[in-house]
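Presented below are the structures under discussion, each in the form of C-alpha cells.
In the two assemblies presented below, subunit A is common to both, partnered first by subunit B and then by subunit C.
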Partner chain A sequence: MASESAVREHYQQAIREHFQQELEGLRQAGLFKEERYIQAPQGAEIEVEYPAGAAARRVINMCSNNYLGLSSHPAVIAAARAGLFSRGYGMSSVRFICGTQDIHRELERKLTAFLGTEDTLLFPSCMDANAGVFEALLGEQDVMIADRLVHASIVDGMRLCKAMQETYKHSDMVHLEGKLQEHQDKRFRMVITDGVFSMDGDLAKLDEIVALAERYEAMVFVDDSHATGFMGKTGRGSHEQKGVLGRIDLITTTLGKALGGASGGCVSGRRELVETCRQRARPYLFSNSVAPVIVAGALKVLDLIGRSTERRDKLEGNAIEWRRLLKEAGFDLKQGESPIVPVMLYNAKLAQDVARDLFAEGIYVVGFCFPVVPKGQARIRTQLSAAHGKHHLERAIEAFVKVGRKYDILGKGKQEIADTYGL
Partner chain B sequence: MAGNRVVQVTLPSDAEPTREDLELLEATFQAIAGLHFEGRRDWEQTARRLETEGWSVGCRLGWIAEARRGREVEQAFGLTRAQAFTELRTLTELDALASYSS
Partner chain C sequence: MEDLKRMIRDYVAREYLEEGDDREIGDDTPLITGGIVDSFSMVSLKRFLEKKQGIQIPDAEATPAAFDTVNSIAALVGRIRSRAVPA
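Let's look at the complex of A and B:
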C-alpha cells in the first residue's frame, strides 16, 4: 500500500498537471496574457521591458486609463506623501469598526458634491462597489434590467443578488422599454448600464434611459468608471454629458482611472440607497478601508479638476484630433464621443500582429479579440490622455500609417479586411 | 447511474400523443416516482430545524435548465420550463462577452 506521503505527492502532481494543461490550452488558443514590465511612473511615455528580460524601451502609451494625466502628477504625489505622514500607511480595519478617518468622510463629501448626488460611500474598488450594491438593495421581489454589454464586475454583482435578472440589447431603447413594461408587477425595477462602454467607447443614452425609467418607475444605476473626471463640460461624468445631472439614482465609479489611477471606488447617489449600502454591502462591511495615502491623493485630484477644466478640455481636444488623424489615414473606427478610440481590424491575428508591430515602432497598444470582444470584431483600443501632446499624436499616427500600409488595411472596411485576412 | 430501473407505459392503441403529451406524461410520472420512492423523510427534520431558527420554509417542484460550453456551465431554475429557459438565456447573455476589466 502506498504511503500517505506518496499518495499526497501523486495527488499534488495530478493537480499540477491539470492546470499545466489548461495553461497550455490558453497559449495554443492565443489567449495567454503576458505582463509587460514598466520601469517608470505611468505617463504619456513609459519605459517598458517586453518581453521579460529585454532591455526597456521608451514608448508612447496609448492604452492606459490615465485620462487626465494625473497618475504621476507631482501635486498628487505630494498630497499622497503628506497624507502618508499625517494619517499613516494603513487602517488595519474595515470602515465601520475603526477604519474611518476624517479624510474618508471628507473625500465622500467632495465626491458627492462633484458628482451632483446626495451621498457617497467609498469601497476598496469599483469592482467591490458593483459586487455589493445590488445584493444590498434588491431582493427576489425586484428585477435588474442590464444592458448586454455591462462590465464584468456588474455581471458578478448581479449574480450575487436574488432579484430577477434581465437584459436588453445594447443601447436599444425599444427593447428596454419592453422589459420595463413586462416587469411592472415587480416591487422595484433597476435599469443598469455603463456610462461609457469600455470596449467600443460609446456612451449610454442616459437621457433616454432616465426618461423611460421615470415613466415606468424604475431606478437607474450607472457605472461611470470610464467617464468620471472628463465627460461633460465640467468632467462630472456621462450624466452631465447627457444632461441628466441629479437624475441618476446610483453611480459607481473608480478612483483608479482618471481620478489619480491608484485604487479605490465608490457608490454615489440617493441618500437612503447609499446609507443602506453602508449598512449592508458586504464588500464594504468585510473589506479593508481605503488606505489614507490613496484618500489624500484623491482629494488633491478633486481639488485640481474642480478648479479648472483645462485637463478635460485638453483630453477632449486630443480625442477629436486623434479620431481625425486616424480617419484621414483611412483606418476603420467605431464612432464615439469618448477618449476610447477603437481601431477596427476584425481578424484576431491581424490585431495581435499590428499591436506587436506598433510596439516595435514605439507605440504601446494592445490588441483585443474574442472573448473580450465578439468574434470577428478584433480591434486595437487606443485611449487618449490629457498628458498626450501634439508631438505624441503625430508620432503615433506616423507609426499607425506605417504599420497600416504594411498590412494594406488603409481605406479598407470590414468586408475588404475580412476578404484578405478572414474573420 | 448504475442500477436505474425504467418503467414503460403502454398507451391505448388509438392514442396519438403529441410531443407535448409525452413530455407531460413523463414529467408527471417522474414527479410521482420521486415523491413515492422518497423513503425516509429526513428533509422534514431539516425543515423543522430551519423553522426553529426563524426561517419560513417551503418546497415546490420546478425545472432546471442547463447549458454547458467548454468550462462554462450555467444553470437556471423556474417553476415552468419556459421560465427556466428564459433565465438560462439571460445568464448566458450576461457572460457572452467577458468585458475587459479596464
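Let's look at the complex of A and C:
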C-alpha cells in the first residue's frame, strides 16, 4: 500500500496536471486571458507594461468603463483623500453591526435623488447587489423573467434564488409578453434586464418593458451599470433615456464605472423593496462596508455631474463620432446608441491577434471571447470616454484601419470573416 | 418517438431562434454546444418537456450533455417515461 506522503504527492500532481492541461487548452484555442500591468492612473492615455517585464509604453485606452473621465479627476482624488482623513481607511465591519457612517447615509440619499427613486442601499459592488437582490425578495411562488443577454452577475444572482427562472429572447417584446401571459398564475413576476447591454452596447426597450409590466402586473428590475452617469439628458441612466423615470421598481448600478471607477454598487428603487434588501440580502449582511474613501469620492462625483452635463455631452459626441469613423472604415459593428462600440471579429484567435497588433500601434483594447461572449461572437469591445479628445479618435482609427487591412477584414461581414478564419 | 422529436424541434426553433435566423434544427444539431440554447435558458426547455410529457426530469439528469441534441433529449424523455411504467 502506498505511503501517505506518496498518495498526497500523487494526488497533488494529478490535480496539477489536470489544470495545466486545461490551461494549455485555453491557450491553444486562443481563449487565454492575459493581464497587462498599468503603471499610471486610469485615463485616456496610460502607461502599460505588456508583456510582463517589457518597458511600459504610453497607449490610448479604448476599453475602460471610465465613461466620464472621472477615475483620476483631481477633485475626486482630493475628496477621497479628505474622506480618508476625516472618516478613516476601513470600517472593519458589515453595515448593520458598526459599519455605517453618516457619509454612507448621505451617499444613499444622493443616489436616490439622482436616480429618481424612493430609497437606495449600498453594496460592496453591483455584482454583490445582483447576487443578493433576487433571493432577498422572491420565493418559490414567484417568477423571474430575464432577457437572455443579461450580465453574468444577474445570472448568478438568479441561480441563488428559489423563484422560477424564465428567459426571453434578447429585446424581443413579443416573446416577453408571451412569458408574462404564461406566468399570470405566479404571486410576483419580475422582468429583469440590463439598461445597456455590456457586450453589445444596445439599450433595453425600457419604455415597452415598463408598459408590458404595468399591463401584466410585474415588477421591473434594471442593472444600469453601463448607463448611470451618462445615458439620458442629465445622465441619470437608461430609464431617463427611455422616458420612464420613476417607473422602474429596482435599479442596481455600480460606482465602479462612470461614477468614479473605484468600487461599490447599490440597489435603488421602491422603498419597501430596498428596505427588505437591507434586512435580508446576504451580501449586505455578510460583506464588509464600502470604505469611507470610496464613499467620499463617489459623493464628489455626484456633485460634479449634478452641476453640469458637459461630460456626458462630450461622451455622447465621442461615441457618435467613433461609430461613424469605424463604419466608414468598413468594420462590422453592433448597432447601438451607447459609448460601448463592439467591433465584431467572430473568431477568438483573430480577436486576440488584432488586439495585440493594435497595442503595438499604441491602442489598448482587449479581445473578448468565450465565455465572456458566446462562441463564434468574439469581438473587440471599444469604449469611449469623455476624457478622449478628437486627436485620440483620429490616432485610434488610423491604427484600426492599418490592422484591419493587415487581416483583410474591412468591408467584410460575419460570413466572409468566418470563411477566412473560422468560428 | 418521431412525434416527440418533431415537437422538440418545433419548440427549440420557436423558443430559441432569433427572428431572421433560418438555421435548420436537425435531430443531431448541437443545441447547447452549438450556442443555440444556453444553460441559462435551458430551464424553459426542461419545463416544456415536463409539462407536455407529464414527467419530472431530475436536476441531476438535466445536464447540458443530455440536452445537447434533439436525439439526446428524446432519449432522456424515453428513459424517464420507461421508469414510470409498472412492471
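Heads up, the rule we're going with is that the second predicted complex is superposed on the first by the 406 of 423 C-alpha atoms of A that agree within 3 Å, B and C clash if a C-alpha of one lies under 4 Å from a C-alpha of the other, contacts with A are read in each partner's own complex, and residues count from 1 in each chain.
Definition applied: a contact is a pair of C-beta atoms (placed from the backbone, for glycine too) under 8 Å apart; a residue touches a chain by one contact, two chains touch by 3 or more.
Since we're looking at a predicted model, the values are computed, not measured.
*Asks:* Answer with clash or fit: subunit B and subunit C placed together on subunit A by superposition.
*Replies:* On the superposed model, which is not a single observed complex, subunit B and subunit C clash.
*Asks:* If we overlay the two complexes on their shared chain A, which of subunit B and subunit C does A:Phe368 touch? Say first, second, both or neither.
*Replies:* After superposition on chain A, A:Phe368 lies in contact with subunit B alone.
*Asks:* According to the stated criteria, A:Gly376 is in contact with first (subunit B), second (subunit C), both, or neither; which is it?
*Replies:* second
*Asks:* In the superposed arrangement, which partner chain does A:Asp172 touch: subunit B (first), subunit C (second), both, or neither?
*Replies:* second
*Asks:* Among the partners subunit B and subunit C, which is in contact with a greater number of residues of subunit A?
*Replies:* B
*Asks:* Thinking of the overlay built on chain A, is A:Asp353 touched by subunit B (first), by subunit C (second), by both, or by neither?
*Replies:* Neither partner.
*Asks:* Based on the superposed arrangement, let me know which partner A:Lys257 touches: subunit B (first), subunit C (second), both, or neither?
*Replies:* A:Lys257 contacts subunit B only, not subunit C.
*Asks:* First (subunit B), second (subunit C), both or neither: which does A:Glu208 touch?
*Replies:* It touches nothing on subunit B or subunit C.
*Asks:* With the two structures laid over each other on chain A, which partner does A:Glu47 touch: subunit B (first), subunit C (second), both, or neither?
*Replies:* neither
*Asks:* Looking at the overlay, does A:Asn65 come into contact with subunit B only (first), subunit C only (second), both, or neither?
*Replies:* The first partner, subunit B, only.
*Asks:* Quick check for you: in the superposed arrangement, does A:Val155 touch first (subunit B), second (subunit C), both or neither?
*Replies:* both
*Asks:* Subunit C has the stretches 4-12, 22-30 or 76-84; which one runs into subunit B?
*Replies:* Clashes with subunit B appear only in stretch 76-84.
*Asks:* Please write out, lowest number first, the residues of subunit A touched by both subunit B and subunit C across the two complexes.
*Replies:* Shared contact residues on subunit A (touching subunit B in one complex, subunit C in the other): 146, 148, 155, 165-167, 374.
*Asks:* Within the complex, which stretch of subunit B touches subunit A?
*Replies:* Answer in residue numbers: 87, 90-91, 93-102.
*Asks:* Of all residues in subunit C, which touch subunit A in the complex?
*Replies:* Against subunit A, subunit C makes touches at 16, 18-19, 35, 38, 40-41, 43-44.
*Asks:* What part of subunit A is in contact with subunit C in the complex they form?
*Replies:* Per the stated touch rule, the residues are 146, 148, 155, 165-167, 169-170, 172, 374-376.
*Asks:* Taking the touch rule as given, give the residues of subunit A at its contact with subunit B in the complex, in rising order.
*Replies:* My answer: residues 65, 127, 146, 148-153, 155, 158-159, 164-167, 198-199, 225, 254, 256-257, 368, 371-374.
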